[in-house]
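Would you mind keeping the following structure in view while I ask a few things?
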């Protein structure tokens, strides 16, 4: 039936998607010298996808997503140090811990304006940062937890210096969780999230339990961010305070916005663009790369993401101005009943 | 402890001047200008460089910092910011962070990355003791300037039509213009004024907060806290929020130094959970 | 390719620690300019990377340098977590890691390939704790930034100070991100110690001193002492008269009266638009020397193990004074000087007036 | 009767799209014009073009001798245009009173007089724009156009969502204002019969062009024509 | 008469000093076609907001099918069959009408928490969505983004959403505002054609429509119920004429 086909179209795998993933998995082989950055991008990508679930689909802005990343990182580190060096187990424990934190923290993001949410999420992350600093008997304070050795992935693949195992490990986890996220956003559950993002009042008026949905998606996203943090620790062998830092949340937000919010591949694209760009420019000018990165962001916004990243539109006339799609006004009350 | 209260008020006032421009652009113009700190930094560097290199007196530098930053704000508004008013907030975030990155690197390139140190005139360096209350002259000066500024701002926004014309323009540019409001001029002057305030704040704050190229990033969180807690719809909101945070921070660090950074963040979270729209919201309808 | 000797220098070149990176890079380049870039028939190549003070970046960059560039030596390391994060890579790849800045005591224990040419905080703090009781300071309050090096400084200073019969009235810790020192200084003022011992990262030193002066603490009879970070040569001149008379202990002063140092300072300033070298530059400069000497000795044969072996036990006359790389700990042994800020030729300098010779890192001698 | 508004060869639209083609008509001082047409024929676009809120592609607009089409939107208010947009567009973060004072110009119409006309608004003086009922917003939009003290009122479906009793009062008020104070008005309305009674002339649009322009009573008294042009039987 | 489905007693809503709803008691019977009229600002929209839980009442009780729902959250009331439309469109701007209706139908059928299958995987949902699209003349714009639709279409979607929720009680707030005269009748006919056991409460200022639709009317003035009765009683009531209809209403709606 046509309606059914139309409804399913969005969720169907596009031909370019498997190609893209094949390319991603080929990258560590094609560019063996860049396996480390592939690993880093995979982790950042996972983190950005997790933020996209919250921001792009749930409509909740957050400047404190690093809270979950950081918790995942530290839990993995502690697990390895005190319990068992198995990376898979550690990853699951990281996700569980982050999910618990997400569940608890989700109650802080239900009310208020976007600005409120920005600040509350940020505050939660910074408090965790302070905690990690103060509980130095557990976390090693500013020195962090260093020199961790995780056992081989799948019992066979040692984490090597060139970072190939790390890259494949992170890419696999990314793919797995990405597919789960993809399922979620195209499901009826995902549709109710979009409904909440677009119009909370109306979502309530068709019987969607807005708060319960937000709690659920926040928890899921937190678990994914926790996985990213776990990967971070496992592939680098340490966890230190900066996993909770403000800039980690902020950079991820930038990546996501660069790639496009409310589109799962946006987070991945943003991570690739941002990281490669930073690596490339800072290789050229170690002191002033910030300037060029900043310039890129400014131009990106002024020219428009579409026009900048799709060269074939350069010679077309600007399409008639239409209202921007994306996250709603930052300062408006997310609404709903008090 | 009166001295602690005094220090807290001075610190809060300083935060207020630094953040009030942001409250204006963000609260009234509904534009997320994370580059606010970059304007503050500009004001700071204008002052420091004028004093160091040209020996301009401090008191002359302050208005110059205001005017210089306001001019910069006006130029940027005309050239870069204007098309962004209609873009989604996240694009505004991206854009203004990009500006911050550029400003940080540019200052680093031209001035260097070391902390700039300002030499205050002698009459601002002293300290007056009245009983148990010790007041640094510079902090006294900050309080005086900020108080004057608050009164002036309050007057402009409450007693003139400018405030409501600005809000009208933000609510609906097209219709506001159709009702005879020169929207472009209103935005330009507001933005320039907000930037100027940031510049003044930067000039005043360089002495207490330090000044180096990472200033805009380092203090962005503080500005945002003040604006979020104070609410974006008035001037008194951010003022009281800044004072509250200033006093709480200073007193907290004095009495329970172990709690360090926890205090400000916890206070912020508690307030925002209690009053999600900030302490002071424009409500209307309370006839 | 075989004739190239690569040094991977990973440093914070941007962000709040940017000055560290600048000073070290400039000093390393100065060393190469003075001593040529061919050693033992090999062309020395310096590869600089910016880690923005993020340990995970430091680690990735170091790893890439080792795997892709096949660097012979890793060097730099602006902050302790960065150095610690790279340590396993040094071990795994048997690449010497010359730490030129990070100052926490334990770093050298993290890998047998780590050699340090900067200093450790216990080293300089203990010297201050020895000097002050002899000079009329019976009670102090310590004020340190709440992170690794700060805690080190606090611990070693106060332990030794107590041991020497002094009293520590209160140990204050300032959050790393702290805009205003007022409450802490007010607390100190109310406690009325003989002196305030300060350790803060170099940028914040000026602010502390100014607010110290503004609060009239000197007039209330409180002296300001600390480690040399507070009166960092990099910024000392801009601090103005508040800095005058401040007593600090450190291993290097740009005013160190030796011909080697005079030349070092003059050349450095000439090459860097009159920027005055500070102790960070010194760490970078001597780090390069240690690498060069090791290369000379081994002729580039024997890989990382040989290089580290050749670095151990080096003794030389550095611009900072006599220096010795302890073969056992691979940490630096050096003189620690007591200095007072004075005006010389219209410029502020840390003028040395006392010295404690051959100080080992007490963090290690403890165990 | 002196002429106030003269529109000649006007074409306008949004972005690249041209919605109105070659529109010409004139309106005298103190006169009321009923602007009619089916859904989506360009009535709102014409009103908005007069207010300067669309993109004009050609033609001229003269208001009391001044070339209105050369003025930016905000100067047209000064030149004598008072606009009630179709979607009301109350400034939502201003109170009722501020909505009026923010745009008021000196003249016979003051906020006070608006309150006398709509006592309901006086009771809601301190409510924010969003805290008004639909009909109250409509009244406020009308009042806001009046305090600009215009020569020409542009009313885009001003009766929508108003209670029947207010509708009749408002219609009476409009005709009083135009007759007694010399204001001209252009009124867009879905129910033609309601306004033809108080109008002097009509313009009917179809597909962005004028298909009928005449005295109002002609259309009022010709059910067949009404049906043909607007699909309004009875 | 048939049983009462929705009732409220002594509802009060205050905004600061303003009493928007003043001690309103109302009963809606099964299958009723009930109109709520009253001057602008009388509190009609506010009353609907109270009934549906968008606003919390200052005082009073609300019962749906005999159960007290005063404390229930809005979405819980929807689950019990009370659905509304909004005076100002409330749509999902970035979705298409098809997605919107697909979502509403699946939510209505209790599939809203399903996360592992796609939105279109349920055949019944798709069929029902398609049926609604056709019923409301939205089929040809089914795959366009809602925010780009013409106003009339958006208005239709607003009402289609409410019907997709399979209401047992339907509250309509000026459903035909902005809809051209010709299409108004048709729209209301769709509503009138709902199953007989569905109760409808309609707010509308177009008296032609109201009188042709309603079998019972309540008049609200200044937040309080002025009177209630059959259409004939209301039309003849001099008080209603004075405060709401006006004497010349025939002249307006010929």
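Letters A, B, C, D and E mark the chains in the order given here, with residues in each chain numbered from 1 onward.
Note that in this section a residue touches a chain if its C-beta (ideal position, glycine included) is under 8 Å from a C-beta of that chain, and two chains touch if they have at least 3 such contacts.
If you want to know which protein each chain is, UniProt gives these names: A, B = Branched-chain amino acid ABC transporter permease; D, E = ABC transporter ATP-binding protein.
Keep in mind the model is a prediction, meaning the values are calculated, not measured.
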Handout entry: Number of hops, subunit B to subunit D, where each hop joins two touching chains
Key = 1
Fill in the blank from the handout: Sorted by label, the chains bordering both subunit A and subunit C are B
Practice task
With centres defined as the mean of C-alpha atoms, identify the chain lying farthest from subunit D.
Solution key: C
Exercise for the section: Look at all chain centres (mean of CA atoms) and spot the one farthest from the centre of subunit B. Expected result: E
Completion exercise
Between the Cα centroids of subunit D and subunit E the separation in whole angstrom comes to 30
Handout entry: Centre-to-centre distance between subunit E and subunit B (centres being mean Cα positions), rounded to whole Å
Key = 47
Completion exercise
Chain centres from averaged Cα atoms put subunit A and subunit D apart, in whole Å, by 51
Practice task
Please work out the Cα centroid separation of subunit C and subunit E, and write it as a whole number of Å.
Solution key: 74
Practice task
Name the residues of subunit C that each touch 2 or more other chains.
Solution key: 14, 18, 22, 146, 175
Handout entry: Where subunit A touches two or more other chains at once, by residue number
Key = 130, 287, 289-290, 321, 325
Handout entry: Multi-chain contact sites of subunit B, meaning residues that touch two or more partners
Key = 104-105, 108, 260-261, 283, 285-287
Problem - Partner subunit A, residues of subunit C touching it in the complex - result: 13-14, 18, 21-22, 48-50, 54-56, 59-60, 63-64, 66-68, 80-81, 84-85, 87-89, 92-93, 104, 106, 110, 146-148, 151, 175
Practice task
Quick one: which bits of subunit A touch subunit C in the complex? Just the residue numbers, please.
Solution key: 33, 36-37, 40, 130, 133, 141-144, 146-147, 149, 161-163, 232, 236-238, 240-242, 282-283, 286-287, 289-290
Problem - subunit A residues touching subunit E - in the complex, by the definition given at the top - result: 1-11, 183-184, 186-192, 194-195, 198-199, 201-210, 262, 322-323, 325, 337-338
Practice task
Would you mind writing out the residues of subunit B in touch with subunit A in their complex?
Solution key: 26-27, 30, 32, 80, 83-84, 86-95, 97-106, 108-109, 217, 221, 224-225, 227-229, 232, 260-262, 265-266, 268-269, 272-273, 276-278
Fill in the blank from the handout: Per the touch rule, the subunit C residues reaching subunit B in their complex are 14-16, 18-19, 22, 146, 172-175, 177-180, 182-184, 186-187, 203-204, 206-207, 210-211, 213-216, 234-235, 238-240
